[in-house]
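Look at the two complexes coming up: subunit A is in both, with subunit B in one and subunit C in the other.
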Partner chain A sequence: MTLVRHLAAAVGVAVVLGVISVMLSAYRDYQMAEVAAYVVAVAGLSVLIGLSGQISIGNGAFMAVGGYASALLLLHLGWPLGVVFLASVVIAAAAGAVFGIAAARLRGPYLAGATLMLAVALPSIAIQYAGVFGGDQGLSVTITTPAFLGATFPPTRWLAWVTCAAALIALILLANLGHSRIGRSWRALRDDEVAAALAGLNVARLQVLAFVISAACAGLGGALLAAVTGIVAPGAYTLTLSIALLTATVVGGLGTLPGALWGSLLLVLVPSFLTNVAASYGLSGAASSSVPIAVYGVVLIVVMLVFPAGIQGALRRLFGPASPASGTPLSVWRRQTSASEHQEEGTR
Partner chain B sequence: MQEFVEFTLGGIATGMIYAAIAVSLVLIWRGTRVLNYSQGGMAMFTTYVAWLVIRGTGSYWAGFVLALAAGLVLGAILERGVVRPTMGKSPLNSVIVTIGLLIFLEGLAGILYGGQYRSFPAAFSVTGLKIGNFALGISPNDLFTAAAVLAAALALAAVFRYTSVGLRLRATAFRPDVARLLGVRIGRVLTLGWALAGLFGALAGVLVTPSTFLYPNSMDSIFVLGFTAAVIGGLDSPAGAVAGGVLLGVVLSYAGGYLGSSLVLVYGLIVLALVLMVRPGGLFSSTAARRV
Partner chain C sequence: MKKTQRVNLAALAGIAAISMVVAGCSSGGSSGSSSSGSSSTALTASAPGITKTQILIGSHQPLTGVAAPGYDEIAPASNAYFQYVNAHGGIYGRKIVYKFLNDQYDPTITSTVVHQLVLQDNVYAIFNGLGTPTHLAVAPYLNAQKVPDVFVASGCECWNAPSKWPDTFGWQLDYIREGKILGNYIKQHFKGKKIGYFFQDDEFGQDGVKGLNMEIPKSQVVAKESYNPTVTNVAPQVTALKAAGAQVVVSFSVPAFTALLKLTSLKLSFNPQLVVSNVGSDPITLAGLLEAFAKKGGATVSGNALTQGIITDAYLPSLGATSNSWIKLFTKIRSQYLPKLPLDGNVGYGLAAAYTFVQAMLKAGRNPTRQDLISAINGGLPQGPSLTPYAYSATNHNGATGAEMTMIKNGVQVPIGPVQVTDTSPTGAITTYSTAQPTAPASGIPSP
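Up next, the complex of A and B:
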């Protein structure tokens, strides 16, 4: 039943997005495709952090894996686009499994440190093995618009369609996963690892699975982003990318799929908006590139201080129905225990 | 043999810089359970203070001292102003706030000082020392770097151990609620912890920048390696932070020297992974995680 509802919603959204993409300019279509690519990666990270309670500051590394995989497959094997994306997802998921198994015992900041190092170290492999990965220059990714759309069809619109379709499919799967037995197990694990283990859940396996899912999403996001930007290069997969994914996840609203959308919109639209504003005030040179950065930092801080549950949390509080559990004894109890847990965490 | 000595001593010298960053992270983590991702940005910013002072007065030591003072003040201000309000909320909120701080500081540095690379003077000569014909692979400045960080770490250890302020810092890290009941002003102690962390970060910034140039992102990679060192050592242990820094510095120096420098970060990842596989809480972790 949930699946049917999600599918119906997805078809509706697809139609709306299709109409919007026709109305938008080529540049806006490009941004739409960018947002779609980021949504997948951010949603995957949101599942990892918000549902399973692990953290990763290194999902940019899995985006790199997906991006390079798709670029190499297109370059050497020339597979159809859909198959290339699918294969990139599988390869990134495998990378996620390797890392997840190695990191299964790590918690909190230790996991954060390991993933951070992964994100910083991986691009240097692409530089070292320049023969395969193209070194600093990277590899170019060419997506051709299919002939039946006609020669005048804007290529960015085709990109927007492809990325939005892939993103919708990924989001449907994630939504269903979140509502499934696995999603519930993750939440149990997140809320109390010991209790979850006592209830018979296989903690290590669930944690590795969460890593695999988030790496698969990051891989698809990376493949989509490579298709959008037309290039994969080490310079695109810096620490900044991984940090941007994390900030988008938390600021958008942790553990929620709409939150992933808000976060990705923030990621794509705010910097270009701020750059335009800076330019319109006649700023130039270093100031014009630095002001947007400083303002973006302030935006992150303010959103976190004013809306601790992120944008989606704020929207839900403003417009949504009172959440079904609020006010019931159970939720009161849960809030108290989580508060005392924070207390306990502070004391350790 | 000569190579081995060179790589070892050079590795220790760089490792001490990672150690300074690691100590600053540990100081904050012990007190507030916050990982300060803005530590590198703070160190970069205080190094700009030193750069301005040195350019203005011509005195290296005036810049050095003022950078450390700026680190103290900056740490205290950030704790009071931005980090304190996130306490008691989800730990991720403070993570994002410190990341926001990092981005803000880097943007601000770009606005104030521009994005170009600036050279930053070293305290002492940077030509390599020799005993007879035997090159040691380190310079007088490297010696100063290692000695400065070591002295600061020892001073910190002495403060922790022998002073009443140190006792309060330890009590607050151990059990804030009990410490508060015993009359410790927790808020002030936490601010002090951040201020001391700012000082260690500033020290690392001033010491490392002669070899990296100064620009808004100049401390990013140093921060990552300092964070790695803190994780290797165990985030609850200042001694572990120093040990982790030296270990990482030496291993990366061997890897860069014998295996080539292009994959140094990958070797760093491997070291980190190996240490954490054996000890998931770092080398100096004291308590085992709760298990079923």
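Up next, the complex of A and C:
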């Protein structure tokens, strides 16, 4: 039943996104594709942190796994795009499983530390094995617009369609998962591990599963982002990326799918907006190029101070239980939002 | 990160004789310039980014982040030259507007900002985009969109791919040619000495080594040590070079690693003759890094004393050559439009690249299309501030074709050999280029 409701809503959203993509300029379509790529990765991290109560500072590394997997598959095997994305998800999930099992005994800051190591170390593998991964200059990813759309069809609109479709599918699956027995189990062990174990839940297996799901999402996000930007290179997967994902997750609203959307929009739109504002004030000089970055930091701080439960938490509070967003697949975790707020308070 | 660009100092010389020759070519060279007519032709919005009053161009630059120190001076320096041109009549009356965005040396951000420049800002061309990995992210896109991608700030030989990327052009001396010229000098001046290589383990260092191997006899090379730019301990490499008994160490390194090589050698009482690629040898940058690194280690050194005697090469005139007409021009423009920055290698690089762009735009005609700019460069460009002619033709998109050997003395690069030119093939001869350098035009602006 839930699945049917989510599917119907997703079809509605797909139609709306399609219309929007046609109305927007080519550059806005590009940004839409970027947002779609980030949403998947951020949503995966949101599940991990907000639902299962674990933390990862290394999901940028799984984005790298997904990105490199898709680049290599496209380059050497030339598989169709959909299959490539699917394979990237599987490969990133496998990487997540290996790491998740190895780190299964770690908790809180120790797990965070281990994932941090992953974020720092993984990109340098690409430099070590330059023959396979292209070293510092990376591998290029070329996505061609299908011929039936016509020669004048904007390539960025095609990118937006592909990424939004993939993101929607991923979000439907996540929404269902959150509603399923597994989702409930995660919440149980997040709120009290001992109680969950006493109730018969296999804590370690559930935690590893959450880790694998979040790695798979990051892998898909990485593959989508590689398709959007046209390249995978170590410089794109620095620690900064992992921290940006974490930022988007927390600022958007932990454990909520709409929160992942708000966080990703913030991630993509705010820096570019601030850069443009700075440029229009003639601030393109070298020293002043730090201004947009500093202002971005201030925005994040203000959001967290004013909306401790993230943007989604704030919207929920503003619009109450009858949130206008209710009914869309993105709001299905509204109930959990309050749970994660509790959890936040509890951990402090 | 840095591998890419470069800069150098140096200085330049002029155009007179050659510019006449080229003036001849330019009318024949640019096929499509229906518009390059007389000065009475009305100015029109002939291409994206070009209006009756301005030419909008864009770039991606590392203005913050790891690659920013030094390289963040390049685009402001280019902009200073454009402002100078704008104040003196512009390009056929149009003003150049140069919008350079910060990509933090991250290819993902490069892709985003270049899409913004092309799709939203509608720039006419991308000029001097900095970095090999960063620019590789956007070169296929720019060529697919037929956006001129001119004078990439990286010495990767990869920009020379006219059939794959017809709209992309390199500018600075590529690392293979540079390796050949350095190797040739070593072969001639250090006969029978033991040679060690120290190089960055990526395309910058590897291309350089390719060039070195074309010239230096195999039997003389006793050690080849590479470094990873993210690992700052180079003691293992230096120890290996010392153990192999290297008397000359040739280094394809970025400035930070040239400094680390020097300091680590000192610590290990190893004192070979250093031969360093242009990228890693700007004396001002090096001296600063040497002093900063030594300070971190609790020691005090004199940067200029440590760079004394380093052999390197230059494809722009030495900044110390104060009587050179190009250095005079650069000094004048810098003091007027860029008072906050010193005239160092990066600033010289940015000014020289901007000059080349203005040459190309003037040649492209009064109302150029995007293809007119490509055709203009394919027809060849006059030498300008570069010490050597450019390789530009329909089948070659490399820029500078050679360099002169120099030695750092008292913080300044001093020429120790003639200007030499070569190609990128193993068999291509290295020849002395004895044509006197053209001097800078008195106006400071190339003639159309």
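Everything that follows uses one rule, which is that the second predicted complex is superposed on the first by the 319 of 348 C-alpha atoms of A that agree within 3 Å, B and C clash if a C-alpha of one lies under 4 Å from a C-alpha of the other, contacts with A are read in each partner's own complex, and residues count from 1 in each chain.
Definition applied: contacts are C-beta pairs under 8 Å (C-beta built on N, C-alpha and C of every residue); 3 or more make two chains touch, one makes a residue touch a chain.
This one's a predicted model, so the numbers in the text were calculated from it and none came from an experiment.
> Check subunit A with both subunit B and subunit C modelled on it and let me know: fit or clash.
clash
> Taking the superposition as given, does A:A236 touch the first partner, subunit B, the second, subunit C, both, or neither?
After superposition on chain A, A:A236 lies in contact with subunit C alone.
> Contacts for A:S272 in the overlay, against subunit B (first) and subunit C (second): which applies, first, second, both or neither?
Second partner only, subunit C.
> Touching A:V295 in the superposition: subunit B (first), subunit C (second), both, neither?
first
> Figure out whether A:L118 sits in contact with subunit B (first) or subunit C (second), or with both, or with neither.
It touches subunit B, and subunit C stays clear.
> May I ask you to name which of subunit B and subunit C touches more residues of subunit A?
B
> Contact-wise, after the overlay, does A:T142 reach subunit B, subunit C, both or neither (first, second, both, neither)?
It touches subunit C, and subunit B stays clear.
> With both complexes superposed on chain A, which partner does A:V228 reach: first (subunit B), second (subunit C), both or neither?
After superposition on chain A, A:V228 lies in contact with subunit C alone.
> With both complexes superposed on chain A, which partner does A:L246 reach: first (subunit B), second (subunit C), both or neither?
In the superposed model, A:L246 contacts subunit B only, not subunit C.
> Quick check for you: in the superposed arrangement, does A:V83 touch first (subunit B), second (subunit C), both or neither?
neither
> Regarding the shared-chain residue A:M304, is it in contact with subunit B (first), subunit C (second), both, or neither?
Only subunit B is touched by A:M304; subunit C is not.
> Determine, for the stretches 42-50, 114-122, 132-140 or 168-176 of subunit B, which one clashes with subunit C when the structures are superposed.
With chain A aligned, subunit B clashes with subunit C through residues 114-122.
> Between subunit B and subunit C, which residues of subunit A are contacted by each of them?
124, 127-128, 285-286, 289-290, 292-293
> Where on subunit C is subunit A touching in the complex?
Contacts found on subunit C: 1, 3, 63-64, 68, 72-73, 75-76, 99-102, 105-108, 111-113, 115-116, 119-120, 132-134, 136-138, 140-141, 144, 156, 201-203, 228-230.
> Quick check on the complex: what are the subunit A residues that touch subunit C?
Of all residues in subunit A, those touching subunit C are 25-27, 30, 34, 124, 127-128, 130, 135-138, 140, 142, 155-156, 225, 228-231, 233-236, 238, 240-241, 272, 275, 279, 284-286, 289-290, 292-293.
> Report the residues of subunit B in contact with subunit A in the complex, numbered from low to high.
Subunit B residues touching subunit A: 29, 32-33, 35, 37, 82, 85-93, 95-97, 99-111, 114-116, 175-178, 216, 220-221, 224, 227-228, 230-231, 235, 262-266, 268-269, 272-273, 276-277, 280-282, 289-292.
> Considering only the defined contacts, which subunit A positions touch subunit B in the complex?
49, 55, 102-103, 105-110, 112-114, 116-118, 120-122, 124-125, 127-128, 194, 197-198, 239, 243, 246-247, 250-251, 254, 285-287, 289-301, 304-305, 308, 339, 342-343, 345-348
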